[in-house]
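Shared between the two complexes below is subunit A, which has subunit B as its partner in the first and subunit C in the second.
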Partner chain A sequence: MKKKGLYLLFVLIFTMSVSLTGCGGSKETSGTGQNTLIYGRGGDSVSLDPANVTDGESIKVTKNIYDTLIDYQDGNTELIPALAEDWESSKDGLVWTFHLRKDVKFHDGTSFNADAVVFNFNRWMDKDNAYHQGDFPYYGYMFGGYKGDEGHVIKEAIAIDEHTVEIHLNFPQGPFLSNLAMPPFAIASPAAIEKYGETLGEHPVGTGPFVFKEWVRNDKVVLEKNKDYWMKGYPILDQLIFKSIPDNSARFITMQSGEIDLMDGVNPDDVTLAKENPDLQVWLRPSMNVGYLAFNTEKAPFDNVKIRQALSMAVNKQALIDAFYNGLAEPAKNPLPPSLWGYNNDIVDYEYNLEKAKQLLAEAGYPDGFTTDFWYMPVPRPYIPQGKKIAETMQSDFEKIGVTVNLVTEEWAPYLEKTGNGEHTMALLGWTGDNGDPDNFLYVLLDKDNAKGPDAGNIAFYKNDELHELLIKAQQSGNIDERTKLYEKAQEIIHKDAPWIPLVHSTPPLVGKKNIDGFIPHPTGSDRFTKVSFK
Partner chain B sequence: MLAYTIRRLLMLIPVLIGMSLLVFSIIHLIPGDPAKTILGEKASPEVLENMREELGLNDPLLIQYKNYMLGLVQGDLGTSIRTKVPIAKEMKPYLAGTMELTFFAMAFALFIGVNAGILAAWKQNSWFDYMAMLIALIGVSMPVFWLGLMEQWVFAQNLHWLPSIGRSSIINPVHPISHFYIIDTILVGDFGGLLEVLKHLILPSIALGTIPMAIIARMTRSSMLEVMRSDYIRTAKAKGVKEFFLVYKHALKNAFIPILTVVGLQTGLLLGGAVLTETIFAWPGIGKYLYDAISIRDYPVIQSGILIIAFIFVMINLIVDLLYSAIDPRIRYR
Partner chain C sequence: MSQIQHQTVINQMKMKERVDSPWMDMWRRLRKQKLAMIGGFIILFFILLAFSAPLLTSYSYKAVELPSRFLPPFSEGHFLGTDDLGRDLFTRIIYGAQISLRVGFLAVIGSVIIGTFLGLLAGYYGKWVDMLISRIFDIMLAFPSILLAIAIVTILGRSLTNALIAIAIVNIPTYGRLVRSKVLTLKEEEFIIAAKAVGMKDSRIIYNHLLPNSMTPIIVQGTLGIATAIIETAALGFLGLGAEPPIPEWGTMLADSKDYIQLAPWTVIFPGVSIMLVVLGFNLFGDGLRDALDPKMKL
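And now, the complex of A and B:
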């Protein structure tokens, strides 16, 4: 009898839930008068303390809660004033003075001032600071370690008056300003840091366009309009919600059913569907990466520039993009992606010309071609989504000029280790930029300082003294115009020497409702929603 | 019966210790470095080393195990390496989410599965029997992710009847008290919210419940067929018991023991293995939580999560065993 009762209860609950839905049946729309934007994404944030994370999903959110002293311009990595209205450096590039914006308040009502900036710098760099709770990984990468370390760039931060801060450096750092624009170096409320300590990541308090309201882990983060934002009239949205929907296809269905307003992580096939849907629009995020084939210039025959140039002429980049990127990439002619300042657009890529390539091979003493190994990556990466297939296509390209390549691969960790050690002859690899500064690509990937195993960043083991001089000079200069010229020249040298075949810059797609206005995807992958609205 | 229950509960201790040893050794044997997943590929060797030291990963395995067990005995499940939040606190909402989903999936599976099985046995070799068993066969073989996506495509994208993802409305969220959203909405008298929660439950419950439903239907049918041929049923029939009562009262009661076994096992499986459903429906549950922990080698979360699931699994089977005697008085535990 007891069992029957239980059974009846099951039946009752089930029929109730079914009948209840029957009478509902309405579509869930996003908010009243469309002033809430719901951003569907693949994963959840790790922590909302940007200084303490490395994952993009965390930064995506904190970018809207916090401000940095300097910010990137919409859609590219040029630098614009943010919490600092303007700045200047001493002649030797060792002292930087920042004039701070006045009348800025943190979300907890405390004032933003020079002391707050100094408080944050000390928290990041000083391991003995009481609030240095966590790893602060990006600070270590970008500023050469922490206080007391040999390569540490920043000496100290000093408050000169209420709205002026001086940052003293141990030695000049060219990308210093670009580094400061990175979201991990956002200024958090000192009062909140003192109050929450280690758990600041769950209670973020900044000066940004949106105020943190709620975070349900693995589900959503809810932000609300900052009514006192210093940029007058902004933000326009009342609410901004980041909703985690792990599966790409399910997320796209949710997009089409209208439950979310914007999504990233779109399957290439779904982009075509989205383009045909009159209610949706598609954006391509400007690239901040490069996929390339590096020649090991220390090994024959790749020590001969003519061989490298010949192979550069034998790759049909557009065909690769059409076949493996669904058109969602652009052919690369420089190591730098075009969204970075300093990009040299005057460079003309090696044309796809098999005859010329053969001729160059003959001049180099290989009229009948040669045989070598071609290493390809075992894992998909944004810049090389299908290593094996791309390698196979290039293999047949090279075959046409008489160069036979054997495809070789390894597990991902040994692959990085062995290419970093120079065991390859040529290898596919790529790079995603950190701070939007050309130094982060050219020096890391092609300078002779980094052409040393193990862990070589320059896996072409390309060593050019003229290039080295330019890159070091650019590193030590604080003047953007001067640095731009140096990097443009550097790209000419690299083009001529062809240590790589730069293949593609991939441009990840985003899909959103047609009535979204003012959204400009940023190459760094974290977008500001300050100026976004619904038409 | 009380003595039996206590004995079974005591037996839990060696089971859980064995389980923890097994999990501990497996996750420390598989390659992958949590320090590297936390700090990213670009971290320098010194920073990585500091991190490993901080996480206690440089201690000998036995010491690591001892520290973990000591914490566990004191009721401390540890702290997540990734989020640095205590696991007990972090896991609660996920566990509630999964339990709520499992409850409805099993309710669906039981209701449809048992009835389809009974009818198929009752009308053996009829078109209904054939259809029901064909559907059950398809149900068992259907990949959950495909079924889930199809449900979303039909009922959310095209018909707009039901929401495609999540546990509650994105705009008007439920404020968690017990983290069982059904209970939470009732507690605050938010019946609009309750309706939303129920609507959100339907598609994932069906996706998750389809395989157990098919298994239950097939099990019920074969069990019922056996019972229907027994002497006491013939006697009851001869006495003129109405056919409906004959089937649903006299026969089902005896046929239910094997069904109950399957239900117990399936419920345990669903609690830990709903990763696919949780991923497709963006359902913040324990399966997805553990899956993520495994992929970034968040050791404490993997250990504690698997232990909790193992504990629940054992408990469910204990309850099933106790239910046997409630259904069939001939079964006695001593």
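And now, the complex of A and C:
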């Protein structure tokens, strides 16, 4: 009889645990009253050395510890001065001169000057540099490789005087300034780099609004106010804590109970509850992302454009948005989000038409459909908060035209690795823009240069020479009108070839306490808390 | 249950040529136990639901109907409401019953067959055979069963079949040990010594005498084991290691709906209650069965 009791207990625990997840946790972190902001998020940072990471959870934190030469405006990707007060370029676009801000100090007390900037540039680009410890992936993506590589954009960085730096390019790069404003190209203290070397990621030292204090892995990162910040009167908060709570609904329950002050990764359905709650407010992050279904164009039957077009006609995007985004997204017809310049609004999306889809399948030689695998991501992403549900819905959609898909998933890291190697037939994925330049979407995600594993950005493995020419031409041009035309043409080609079904551009919701003031979500997904305060 | 019972009754009668079967005796005693009968009814109810699933509902368990998501229970046409993809919850629960019961039975049958075989060998031959088999059991029991099951599913890959295999494997030692200890006592009984004395072959002794006489504890343990297997399937499903979507496995349904516990609690409650009821049913019935079959309890 004892055993029965035990089983009953187990069943009870099993059903109850669902409702109780997240009720635990201690209160200790919200001790210091209204000048500490606790930001709840889904995952821990990988490293706090921004030059050596690509994940959003790391950059979210380093954005508040470090400054870049140029920064984005609050809420959009217009460029504003940061560590560089002013800049100009030579006529041919090959020499850029930056005039640096004076009297700026790193958190360790050393001075920020031209030598520090040159030191950082050399660390990023020169594989022979003693401090080039790590992969520096973003540098490679944005500046065409490293010193000595054929496509490498930057020739050298030279300190002209204490507060002037010249950067010489091998050839002009259209998005050069936008790239420099990206958080990975933040200036770290040379003294700290020399001191910590490889472990800089655990001891970040920058010039930013907050000073690193403590990092408890898988729990929290604690930052404190930088009292000598160069922007006078800021930051307002005394302390900023990034707390990891992986489960979306558990995090929301913690938010409701007031243990955290602000959270991202809100389940779209919880937004309704947040709006009804008088203590909470909801922000929408401006959309600069795309969620898509990529066909592996190297594998049959997706090497056939008609099949890709047929499936594009079998997805009801608006229904997906109503159900899984609480309406907080718009259907995508291009890989580019509409907020970016260069967006081609003349493109007419494939209509939702099952009859036509079936007809196309028949023309392609599959009148009875076919069976294939459909990969979906296991974790909520800002562009696709519920991969599994979307996959199940699309599975049901595809079945209507006779295409049977088996749903496949992996843990997040192997998922990225395997799709990056082209092991999938079709896969859900997405992208949040880093710098507001169309190049950051089209070249990274659809150019043939990036259609090779491992870590292919172009997981459709879509290779089109005409497109490649347009994208390279646009990359090397400094004229925005010319670039706009090239990108518009590029989107036409992509639309016709349908290597993806672009699904949505979402506006990821954030929820916070009603009395938070001055918080403006940034489209890149990493926010500055310099001007945030409690009312 | 009745299947096994029936089969065993025949075996038993063939062997002992007795008309007054101990099984009738058992049934008489079982009937007197109210709790066991309630358990039996719960099981019967879910078995009926599972078998008549296509007759009870006109919906498909996988047809997504987004406009009608989150309909509350007792909505028109949806007795238990709908889930987050607008699928009829009642339909998914009863198809889920099919899956849970099938996995429960098959997993137990699998572990009973292998466990009994190994237990018979270990108990009968003793020495190094016993040593080897018992140590393997010890090693397997050293892991928490769910952890071992997770490890096995991770190696085999995620699917319902693999979850079933994993659950069958982790439960082998339970039955193996039971049979081994039973055989150890039986071996000393006079009828076995007699059988050996007349030169009966080992295989015949094992099959004709030891096996039938170890059946009782196996049946009791097996009934309780179905409950464990169903919970373990649900646990694996809940952790995302069981059935792949859109299979309506109860644990998976629970995991899928846990995000909506505030918005649409019925999507969590019904699968949870189903798991609880079925497990409760098997536990009550298994307990009653043990009481009925235990000779020491005879009044």
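As a working rule, the second predicted complex is superposed on the first by the 304 of 535 C-alpha atoms of A that agree within 3 Å, B and C clash if a C-alpha of one lies under 4 Å from a C-alpha of the other, contacts with A are read in each partner's own complex, and residues count from 1 in each chain.
Definition applied: contacts are C-beta pairs under 8 Å (C-beta built on N, C-alpha and C of every residue); 3 or more make two chains touch, one makes a residue touch a chain.
Because the structure is predicted, anything quoted here is derived from the model rather than measured.
After overlaying the two complexes on the shared chain, residue contacts for A:Ser396 are found with subunit C alone; subunit B is out of touch.
Using the contact criterion defined above for the overlaid structures, shared-chain residue A:Gly233 touches neither subunit B nor subunit C, since it reaches no partner.
After overlaying the two complexes on the shared chain, residue contacts for A:Ser257 are found with subunit B alone; subunit C is out of touch. Residue contacts after overlaying the shared chain place A:Ala319 against subunit C, while subunit B stays out of touching range. For subunit A, the partner with contacts to more residues, out of subunit B and subunit C, is B. By the touch criterion stated above, A:Ser47 is placed in contact with subunit B alone, subunit C being left untouched.
Of the two partner chains placed by the overlay, only subunit B lies in contact with A:Ile241; subunit C stays clear of it.
In the superposition on chain A, A:Thr272 makes contact with subunit C only, while subunit B stays out of contact range.
Contacts of A:Ser249 after superposition on the shared chain: both subunit B and subunit C are touched.
Overlaid on A, the two complexes show subunit B and subunit C touching the same residues of subunit A, namely 3, 7, 10-11, 14, 18, 21, 249. The part of subunit C that touches subunit A in the complex is made up of residues 62-64, 66-67, 69, 84-85, 158, 224, 227-228, 231, 234-235, 238, 240, 244-246, 254, 256, 258-263, 268, 272-273, 275-276, 279-280, 283-284, 287. Subunit A makes touch with subunit C in their complex at residues 1, 3-4, 7-8, 10-12, 14-15, 18-19, 21, 248-249, 267, 269-270, 272-273, 319-320, 322-323, 378, 388-389, 391-393, 395-397, 406-409. Subunit A contributes residues 2-3, 7, 10-11, 13-14, 17-18, 20-21, 24-28, 30-31, 36, 38, 46-47, 54, 135, 137, 140-141, 198, 201-202, 214, 216-220, 222, 241, 243-247, 249-251, 253-254, 256-260, 416, 434 to its touches with subunit B in the complex.
Residue ranges on subunit B touching subunit A, taken from their complex, read 38-44, 47, 51, 82-85, 90, 93-94, 104, 107-108, 110-111, 145, 148-149, 152-153, 156-157, 160-167, 169-171, 173, 176, 195, 198-199, 201-202, 253, 256, 279-282, 284, 288-289, 292, 323, 326-327.
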